[in-house]
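Common to both upcoming complexes is subunit A, partnered first by subunit B, then by subunit C.
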Partner chain A sequence: MSLAKVKKERTGFFERYASLISSLIAIVCGLLVALFILMVSKPSTGFNGFLMLLLGGIPYGGVKNIGDTMYLATPIMMTGVALCLAFKTGVFNIGGPGQYIVGAFGAVFTAVKFGPSLPGPLAWIVPLLVSLVLGALWALIPGLLKAYFNVNVVISTIMFNYIGMYYVVFWVKSYILDSLRGQSLPVPAVSKLPKWFLPSITNNSSADIGFFIAVIVCILVWVLLEKTTRGYEMKACGMNANATTYAGINSKQNIVFAILLSGALCGLGGGLHYLASSGVYISLVEQSAAEGFTGIAIACLANNNPIGAIFAALYMSFLTVGGQYMQLFGFQKEIVSVITGVIIYFSSFVLLLNTTIARISAKRRLKKDRMAAAAQEPAEEEKLAVETTKEDDPVQEGGENA
Partner chain B sequence: MTVLVFIVRYFMYFFIPLLVTALGGMFSERSGVLNMALDSIMVFSAMWGIFFMNAFVDVIPGQLLLICSLLVSAVTGILFSLLLAYSAISLKANQTIAAMALNTFAPAFCVFYSRLVNSGSEHIAFPGSSFRIESVPLLGKIPVIGPMFFQQAYLTTYIGIVLFIIGSIIINKTKFGLRMCACGENPQAAASLGVDVYKTRYIAVMISGALAGMGGLMYILPVSASYSCTVAGYGYLALAVLIFGRWRSRPLLLAAVFFALSKTLASAYTSIPFLAALPLPDAFYKSFPFMVTLIALAFTSKHSSAPKASGQPFDQGKR
Partner chain C sequence: MDNTNNIIEFRHITKTFPGIIACNDISLGIRKGEIHALLGENGAGKSTLMSVLFGMYQPEAGEIIIRGKNVKIRGPREATDLGIGMVHQHFQLVENYTVLQNIILGQESTKGLFLDLNTARKKVVELSEKYGLHVDPDALISDITVGQQQRVEILKMLYRDAEILIFDEPTAVLTPQEIAELMSIMKGLASEGHTLLFISHKLDEIKQVADRVTVLRRGRLIETCDCASVTTTEMGKLMVGREVSFSVEKGPAKPTDVVLDVENLTMVSPETKKAIVNHISFNVRRGEIVCIAGIDGNGQSEIIYGLTGIMPIDEGKIVLNGKDITKATIRERNLGVLGHIPEDRHKYGLVLDYSLANNLALKNYFKPGFQNHGFLNFDKINSYADQLIGKYDVRSGQGKDTIARSMSGGNQQKAIVAREIDQNPDLLIAVQPTRGLDVGAIENIHKQLVAQRDSGKGVLLMSFELDEVMDVSDRILVVFEGEIMGDLNPKEVTVEEVGLYMAGVKRQEAAK
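Up next is the complex of A and B:
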């Protein structure tokens, strides 16, 4: 009894911040690997290049870089939060690239065809809604296949990435082709996302209200997962679909809903990016949308926490902005993707290591407590009680952190 | 006739790397490690194979250079797959995430590195056509089959077929192969009989790395004249072949034939008169293999024949 109280008061540093610490360790490891690669490849400018990456190019770009960071964070925040949701609910949605680009096509298509005839802000709200719906549609079939035919989501969503990639190129060619430039037609000015006050405070950067929309969505997803019954059911289905079915929850419905929502958010990410005021066009190159895969990195870094996704996305885009300035030192901007890969790699197991450390430290502390208790009251029952708590606690500890 | 010969040749170019890489995936998955990193292994090791080829083009003569380059690709594939093996087996990390990390890392690293050493361009030219065998002695003269399989062929085609035969014998007939499959089905049971699950899984992932590495070079060699840090999603396609082939070697062969065939159709349908006449978009042909996989998976996944422990880290203490 007394021990349980002691434990609550003295949860160790590692236990309380396990996921944050592991993310930071992963980031530091990623940066160290980058530094190593830079120093090996060009010893003369390596360190300066690394510094530029670390500072996000702010010494050159100033506040404009902060705005650009917000702008670049928008799409990856959306795919990141979509994947946080998917991973938390046990649906391994690797279909981000497909859902993202299909959503982007939906938004651009609607904006080009119907944007000018829609009144007021509807001109950009309607395309965004279309992107949301199309993203969800692209996730619907993998979801149904998973729920009713037990098809592995990872594989089916990868298949849909390719199908989406080929068809979007085809659709752009057929419906909204700018044949002069070989890309999609420009989005009409009325359908572009408003910039509000952002250009004036960030020195005409590309930032627009898409950033705020993305942040709000992240918060909403957090509320859904943590504060609603539906979110609880979804998470429970992710942990053990059989157990939830036994408890009377419709697990199939929840799985389909989770992947639909995840796809919708990816699609919205595509919509937000391609309606941005700075002017982005869907190219005819058959290549998976990188933002979809960056979402995986963000979800890992955020440890599947929707609020964490906001910061993880900001950090990643900060690196991307910094990477653009590294070309001044003769380095390719791909180094950012290298770092991303290394960060995901480390974050895939650092949390596990951390949990182990936390378990060991908890064990050690219990041992100390037991010795202290034994020194105070050498009664036989007390010792026994301590034994049992010690047996139980590490298991609980692991369960909480995993 | 000439169209058919052309299509068969093209088919072989697609078929062999797919077969070899899927075989690699089979090794890894039958031992219980989900290898989603096949794609990045292909990209990464193909690059080193190409670098080696370019560096030694004047030193090592003819086909020997090709074999050496394949070996270099295999070795780099093994080294790269160790990254996956270490996190998936020793550190018990989530195997899909670790593999996706490698898939993010490898193409970016290859672009970064090849631009650095190749004066700013990621397209590395290589003397691929010099390895083409105009006509295999004797066999090339067989009337129909000769032009299809033994003219304008690459040594990699035959190496790939030999690798597949050896690989399936190892998996199905040898002590190691059967133990490996036990590790993928029920690692605890295997461990209780004295099989070192960790070691077996490490070896299996390394074999898969070697095969995928060679598969990467085999893909690049016949279809293009320069390496541009991508294998066009072939690693993922190989995974689909593996699943479609139900993780068994003979169905795997059929699945690879099917995928390569649809891939060939996608890139050559314009030269087949009756297909070119159909009012279908090219996106349809390109996505055809993927759509068929989905349909096939829908019918076969209910009673999955996937290795039961695939994707699950082995924990000695768990039962």
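Up next is the complex of A and C:
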């Protein structure tokens, strides 16, 4: 009957928060290695530089840095949550950069061409919707290929990254080129995202409402995945498409939907970034959009939890902002990228840590149980002995079961 | 207990997994040169105990003594060094390597930088002749039968000079002839001084081949006895802890209306363009259990896929409850109302990484009550799960929150059966519903099938186990190469006769 006792086992603190704890450990490990690198490269100012990184440059920049953190977090939060969704539903969408930049182009193009003629807030809402649709379209073909011909999503989406990147350069040159500066035409003021009260409380930082849109999207994605029938289907399809087919769920439709939605969110990320009030332009460099790949690290650090993506993105951008201030201590700009790279690298250990923590805590619990049992044992030993003999009588136990 | 003869001694072994004590204070001595069977239901702890011996798990308490020495086995490598070998239930072979390459893998003898295959080949050939393990050393694993693959696994152990051989349910994948051969191989090994540990829940085999048998139940050692002195019935009783009936108790069938009518069903293989299912027609009536029998690979699985909608059919008509469902989607069929216990519970039956509650809701989550405007009603899903768990006695570590993957095979199957039967389907299709299960669970599932029949539903059973076919069904359809060879009454035919139909030797005129 000891089985029945164990059955009612509560899950321990460590087990319940395993994914959060492992994310935190990954962060700490990454930071320690970063500190090591800094100390080695410039022992005299290394520690102060590290402190600046940790404090996000706030001692120098003040609240403005908080606003800038929000501003930088917006696009990577979007690509991050897009990838959380993709990974949770089993589609390995590595096409973030392509979907992101195509979405960005859609937003800028619409804003430049039609923004001034659109009334009120529609001047920025419509371009954002276009970025959403274009991002989805860019994921559509890999999605269909996957659903109907089982083409590897990783490969097809990577290919679409290149196609997207070159097309956007081509389109910018053809339609919205600012030939003087060699970049896209500026987004008209009416189409820029409103800043509301943000400049007044963050000392004229670059923050705008894009941040709130991204946070709301993250929450919506979480609700979709965890609370709705559609989310139930999408996750099940990602885990075992055969079983969902068997259960009468349209697996193909769910796969296509998941990748479309993931692409749409990446595209919206591009839209939010390039419509930012601070004024961002699509330059004519032939380079994948880094935000697309950063999204993978965010998803990893967040353990594919859409709510986690909010904090992971904030953390990454906080480091970036802090890193800029490290130049005050004589560090090159590049070392900052190395440091953030190291931290991102460690975030990929989250999964490993996650399983390790689960195992360790399970062991600890067992030990505790055994000790508790041992403490009670002397008193119960005799009783137990009687019980055991009883249990050995097969017929009697059969009676119990029935 | 006379300890001097014991090659292995387990002393107070305890191994726990979250929520379950897999081995609870087990003490057991294994004599040198015996075939020792471990008998128990699914999840009784036999495999865990053997995995502890093979170093795959570390016990929380207890010690293992091998040849009089207290040892700590930290991994399969150390186990191999101690002369312990294991044939796993799922073979660990490299498909595109030859037999010889597989055998020497990890123990390659070399000359300088190069593989010395000749010495290895000589040793392998010697071993295979000595023990009657006939297999072509140069054949690719992918080209040989499952029975031969198993011999490769045995040769692998012997090549590593294993003296203690663990067989984890070795007969589950074999044909009756192959089983007989394996039994004689095992006896040969034992007479050469090897010690064999044999995990099984098939009582006849144990009785036939083992010297002693140890019965485990729910992680506890119940009894060790000489096989010669116990009957299979007694063993069964020890194993499940109560009387088990091996024959299925059921009254005569009272078939009424036709619930499933299949006409001219044809399915063509997309690769070979050969008809896998060749113009077959049959029906299932309410109140009867119809069984599709046959040797694996004669189109049975495809018939089921066609009926359930998992695979498209090329020709023919399927009528369920008077409604043509030939072109209906899987969901329409499910709601129409067809229950399906699939052949492969891991591939089709469960989303292994979902909780038990989510799995039990797999065919309900979209129904009103389980969802509201697209939002899942978790209270309902959870209470429904608790209800099914109680009603069908599904056991697991953490109840409805248990991840399906961590449940034992028998309980996974129980969960599927619970889900399908609870839909109250007019036609229940059960494909190999008892595969890999122990007698207790088999009895339970057979009872459920008969209950389903007696409540006026149709049951279509597909099974490779002839005993099951004969015991459970009211009508047997034997298929051979995609055609129905006969529509037989199990009360009027013998097992041998059914075998002839299965082999395509005999055919009923009417069935053409």
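FYI, the second predicted complex is superposed on the first by the 324 of 402 C-alpha atoms of A that agree within 3 Å, B and C clash if a C-alpha of one lies under 4 Å from a C-alpha of the other, contacts with A are read in each partner's own complex, and residues count from 1 in each chain.
In this text, contacts are C-beta pairs under 8 Å (C-beta built on N, C-alpha and C of every residue); 3 or more make two chains touch, one makes a residue touch a chain.
Not measured: the values here are computed from a predicted model.
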Between subunit B (first) and subunit C (second), which, if any, makes contact with A:Y232: first, second, both or neither?
second
On the superposed three-chain arrangement, identify whether subunit B or subunit C touches more subunit A residues.
B
Touch test for A:T45: subunit B only (first), subunit C only (second), both, or neither?
neither
Going by the contact rule set out at the top, does A:T245 touch subunit B (first), subunit C (second), both, or neither?
second
Note: in the complex, subunit A contacts subunit C through residues 2-3, 6-7, 9, 11, 227-230, 232, 235-236, 239-240, 242-249, 362, 365-366, 370, 391-392, 394-395, 397-399, 401-402
Subunit B residues touching subunit A - in the complex, by the definition given at the top
36, 83, 87, 91-94, 96-98, 100-109, 111-113, 115-116, 233, 236, 239-240, 243, 281-283, 286-287, 290-291, 293-294, 297-299, 301-302, 304
Complex contacts: residues of subunit A adjacent to subunit B:
37, 41-42, 92, 94, 141, 145, 149-152, 154-156, 158-160, 162-163, 166-167, 169-170, 174, 286, 288, 293-294, 296-297, 300, 331-332, 334-338, 340-345, 347-349, 352-353
The subunit C residues in contact with subunit A across the complex are 16, 18-21, 24, 60-61, 218-220, 222, 237-238, 240-243, 308, 310, 329-334, 340, 342, 347-354, 358, 362-363, 365-366, 371, 374-376, 397-399
